[in-house]
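Report on one structure; see the data block that follows.
To keep things simple, chains are lettered A, B, C, D and E as they appear, and every chain counts its residues starting from 1.
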């Protein structure tokens, strides 16, 4: 389904979607972030990259698996929490972030299905916005198989035209959203279509950053496990979790018990994000750590994204959103690292 | 003002002569204009060394890595590490010396003075130059910076784009150094704790609302901890397991690792984490504000540390990072320490 | 939610045996599920044991699938969860989820001589396959166990070992001389060389401390064993157990799901990250 | 390892607890608590049958740990710990939950009291759960004492300790013992002769077989801890063999050098070879090598020439004596505040302005004037004599903030003695107020005023200056409200008492703390007045604060008693609840060293190390340590964490 | 009728002064509210800021640290370090908006049973109108 929505009418559409929990980018003092939208008229879609991708909504940083307590007669009771999630629409999602969701889909749909993830995922509708101008100076989606107008993962993709949005739906869920406010949409004219295509092709030209010949990197990485490159590139790494926590594709997590009471026992088993840059991520309780230093952890990050993930899921685990570059406090630039891998030994 | 060539020459001298094993300094990034930390092992690499108002990082942080690396080596290279150090950073060196974490002979300090200005705040720069592509920012002799964009050079008053902490700085020149470039620069800010006033004047409820919003954002990436030169503990209260595990570590010790803070980034846990961090930095924080700069979630972490710096000064007349021979703030007291809060 | 892999099933501890005392204590637990569990495992698989309030720990199942009455786990006390397990008594409840991992390819081993080489707690994963092979002895050729630990006190399954001596070759060792120790004195890899098993139509299965495995494999190769005749197990820190949480990988493999059993032919191709 | 089995015992204490706490309910609630396998209540837990129940319950239920909920641990902790020991369990596996003083006695509401008693008991259960088994730390005692300072305090302490049968090393830095007391003429308020009462004690010291006297010696280094100190003592050369010296005095007759006599406070001179005073102990001459024209090479040598017994030995060298001791008594006494600090009184430059000690020598029958009171400038008898009290004392702005305590009394004595010598003279005393607390003291002062006509003027002296052959004194009489001008012949300043020279250096050597005025700090101002902060080190006499002779003697005997208390034991036992370092976490920042009041922590190879004998287990180090690398046994952060949890019902 | 809010208070009492003072209050049968659960520590100097934060985290509505008067510390100077540390923590908690009434320090000597009861009474009175402490409380 393809429609035109005037910019003015956008809030009206949102009003019609009152049955859904709506998230949209919100402007803060120095950044943008996804938040539950309480006033439809306050929506703005001129956002730069939000600090966190919609990962934070579909795969929240903290999730209670179950509550437990010790009951009379020395028995254990475990109970899933009451469902809190409802049908959710995330507005203004950038194509790189939607691609991130598709990558996470692959992981959580492996041999074992992660039901907690899928419960949320299945209730989530992604309404995207094509990037007419790169939302970050470090965008490089074109190099990793994406584009500023990629439709991957979207139920709906909107492209900003002069006074309107060109709205394309790719799923039943998307169609439903449009039909809920059918009267405010119009049918695109031929020049609308042309404008959209021009916006799309122009947007690609505006991207500043690229990695040439990225496809040569995965095979090359297979032989670079013991390369001194990792030590060199990780010298300034401080081993914080910014790059991974902000990454729309990183999915690693931890499971911990949080006790409310020791006697009688009660508490929760909780999933939280975890990340491969923290030393405790892989440390055995014997103290042995297979990844003992920052070099091995940086290597894991690159290897996972551009080697192992490629092996397992035939895709880069990177969508070119540029967050890890922009937010790295010590200026580690994944593009630079990949270029060094690519050119290594040349 | 520091002449970059002088700095390069000094660095080259000690690196070439083998006085230092390597030099920690700054270089330009591949893309963008904010300098990044760089490690110079060969004299010829030093051509890339830069010094400008974007050299925000407190490189003293990397002395932690150096120490830990050395501990792991059987026959470590005992030569010092050369390090480019600003006024604020130099006080961090002093705190590490005061706490015996490093020895004076471990470091060769290339002190650089910030002169009349200081470091830029990237957020302010981005706001000021909305969308423009910046290639370079330079110091001027007066209280301004020269910013080079694709549209040419402009002179910007320092006040518009430089970090708040620099407006409150009283040590624009390193207080400890082996060489000092750019001369001694004395700065007497009107109110070294001025930035706190707005927050302090808020009502209790407003303060809570502010901090609740701010700290609820925290994703516990621990960048604030990781980038802090003072956070050198092997094990942190927020860690879920013991790090200092050795073959002789009994299982009981590991089993009894206290969970002061849960890993869940909920409001309460985030508060406890940041409160503990602030308290642990009392009398140690030198206001390099790297925690706040590193924070991806835009949490004004510096306030917490600055508040305790202010109280340390006000209540206990304690200055951080000047005297390496005195006991630390919390390992000392004066008979006349205030106690009007005690019943 | 149906098929929620993260919620353990409740099981009761029905038997506890002290295998090794002291700082590196080992206990063997037998557990029974409260109801019908549908839990069937293969030799070499593991399960996530929960002590609620403390957390989970991946422990290899040391009982054989042919013993359906209970699951058996031998646990070395090392951290928060295992220490809590060691404090439990018969009748206490734990959580179990699984089974996880790939298991030994015992179907491929029919008719072959099996040589088990273990060290310390490493006998636990071997035990399930050893018991299975003993249970269907006619399916296999000669069975040999070469097992050792630092001292005779650190040997696990001491009684059971005496029992199986009647049915298969058992060669024990301790690292240093001890009073009244009549068997081999020295490290396990040396005992292996000493016993000199033939690679002919044989599979060697080894599990133990990493340093032991390293030399056992080297010695097996010296004895003429080919890489695909050698099987070993890998341990890494695990949380989800189902290949998602991302911490136990060695290269593209998730040990919890794709491991922990590897032939040396497979394992040597993977990065050394365990 | 099995899970620890805990028994809980709730005491009714008759109705003291059971009156307002439902003890059955407490026992019942605790029986369900994690780890508790036995829980009972009993009417008097501390009674013999009550204790027996505990012992039996431990055996019957295979208990590992015990919590008794009863009265304050200050009362019966040791009772129950002994009971637990009787059942062959470690005493530290027993803890007391205070549900009487802190609960039943203060909360009359049964419901509230019961609820709180449950929480208190659970909190203590969580503590005991993680208690280590500990044994008291025991250290052998070197049963010898070191007394530093040979004044009246040091002499008294040395004699008391030696008389109890323990060896004493008495170290005195000057050539003779006796201290300032031997310089005094008469003592207030009885006016008995100071030398007459002190010399017998000095002789006793020299003859005592348990006392090893090291005069002309200084403590240079002390290491170790209570019961086991090692001291290095520097013995300076006297160049005279005391065993050979016959005190014939021939040497001084030929010695060409005259220097000021220390003993006479400069009122007269002595030779380079001299005896400090006739009754000196040890009774021997010494050669002062700073005064002597030269020993290397021998420049004069006349003294040796005339010494028939050949007691003079120019080759003597400084000697380091090493001693092992178990306790140390510090009795280093005082010095007077230097007159040169007193600008308003002529900086000590006016010859006829002297301090109190000099005046003592002037009054002394054995003094430089043989007891005749004459003034130094022209040796005339002073007819107008002004005494100025509080010279340097009670003046926080310029001098010493404290009151030197004895000056009121000795000034009164001086004035009285003066009147006894010079009947037609007039004595004036400028004072701020008169402090005459002490047996017979007030009466003494009254006698001075009433019988001897000494004129007491309440007020300060603003200036003292030379005016012809008079010393002009300008002051005010604040009672009369008028300025006073006196043309005095002699002015005597009651100078403040200061810690004796070298106190600061010695404090560093002993690692003892000094108070703000530089005197040695006692461990507790009320309850531990003779103990120092460092275990095994005691303080006696004016080294701690200004005091008069009877007080100094009393404190010396007190310090000796404390010292004997330690020396009378073969081994010392010490609470094992001491700090413990996790060496893997320690970074050697020294913060724990800074905060430790007992010097129990040192840095060794970059890591903190606790001397368990010195550690008192207060835990200040543990709260200070940023790295959680140090904690006190059985009071660990983990235990407190679990206790907090339990106290809040978690 | 709504039931009056009863604050939960954790009190860290030093063994030698404040706990003894609290004992004296008991011996003298002085009545005071039962909201306080005492945790005896050897010295107020051993109370780490973490303990206080942790108590709030685990649901305390108020936290009291009580030690010997300055100069009277059984361990000579532990209370001086505590005083400094707690002043800082108090400023910090105040700065982030926790009601300052929730965190108290007192000097209570072994002779001050009366003072101990007064401190507790005042504390409970101050806390009642504030209601439950949820700011730092886990899951709060």
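The definition used in the following text is that a residue touches a chain if its C-beta (ideal position, glycine included) is under 8 Å from a C-beta of that chain, and two chains touch if they have at least 3 such contacts.
What you see is a predicted model, and the numbers here were worked out from it, not measured in a lab.
Listing every chain that touches chain B and chain C alike gives A, D.
Comparing chain pairs B-D and A-D by the number of C-beta pairs in contact, the larger count belongs to B-D. With respect to chain A, maximal separation of chain centres occurs for D (centres as means of Cα atoms).
Centre-to-centre, using mean CA coordinates, chain D is 35 Å away from chain E.
The mean-CA centres of chain C and chain E are about 53 angstrom from one another, to the nearest whole unit. Per-chain Cα centroids separate chain A from chain E by 47 Å. If each chain is reduced to the centroid of its CA atoms, chain A and chain C end up 39 Å from each other. Contact of a single residue of chain C with at least two other chains is seen at positions 77-80, 82-83.
With touch defined as above, residues shared between interfaces to two or more other chains in chain D number as follows: 595, 624, 637, 641, 645, 649-650. Each of the following residues of chain B touches two or more other chains: 237, 241, 245-246, 249, 254, 260, 262, 266, 330-332, 335. On the chain C side of its complex with chain D, the touching residues are 25, 77, 83, 86-89.
Looking at the complex, you find that chain A touches chain B at residues 28-31, 51-52, 61-62, 137-138, 208-209, 235-236, 238-242, 245-246, 254, 256, 258, 270, 272-275, 278-280, 283, 285-287, 327, 329-331, 333, 335-336. Chain E contributes residues 8, 10, 19-20, 22-27, 29-34, 37-43, 45-51, 54-55, 58-60, 71-72, 74-78, 81-82, 85, 117 to its touches with chain D in the complex. On chain D, the positions that touch chain B within their shared complex are 130, 516, 582, 584-585, 587-592, 594-595, 603, 606, 624, 626-628, 637-638, 641. Touching chain C in their complex are the following residues of chain D: 1-3.
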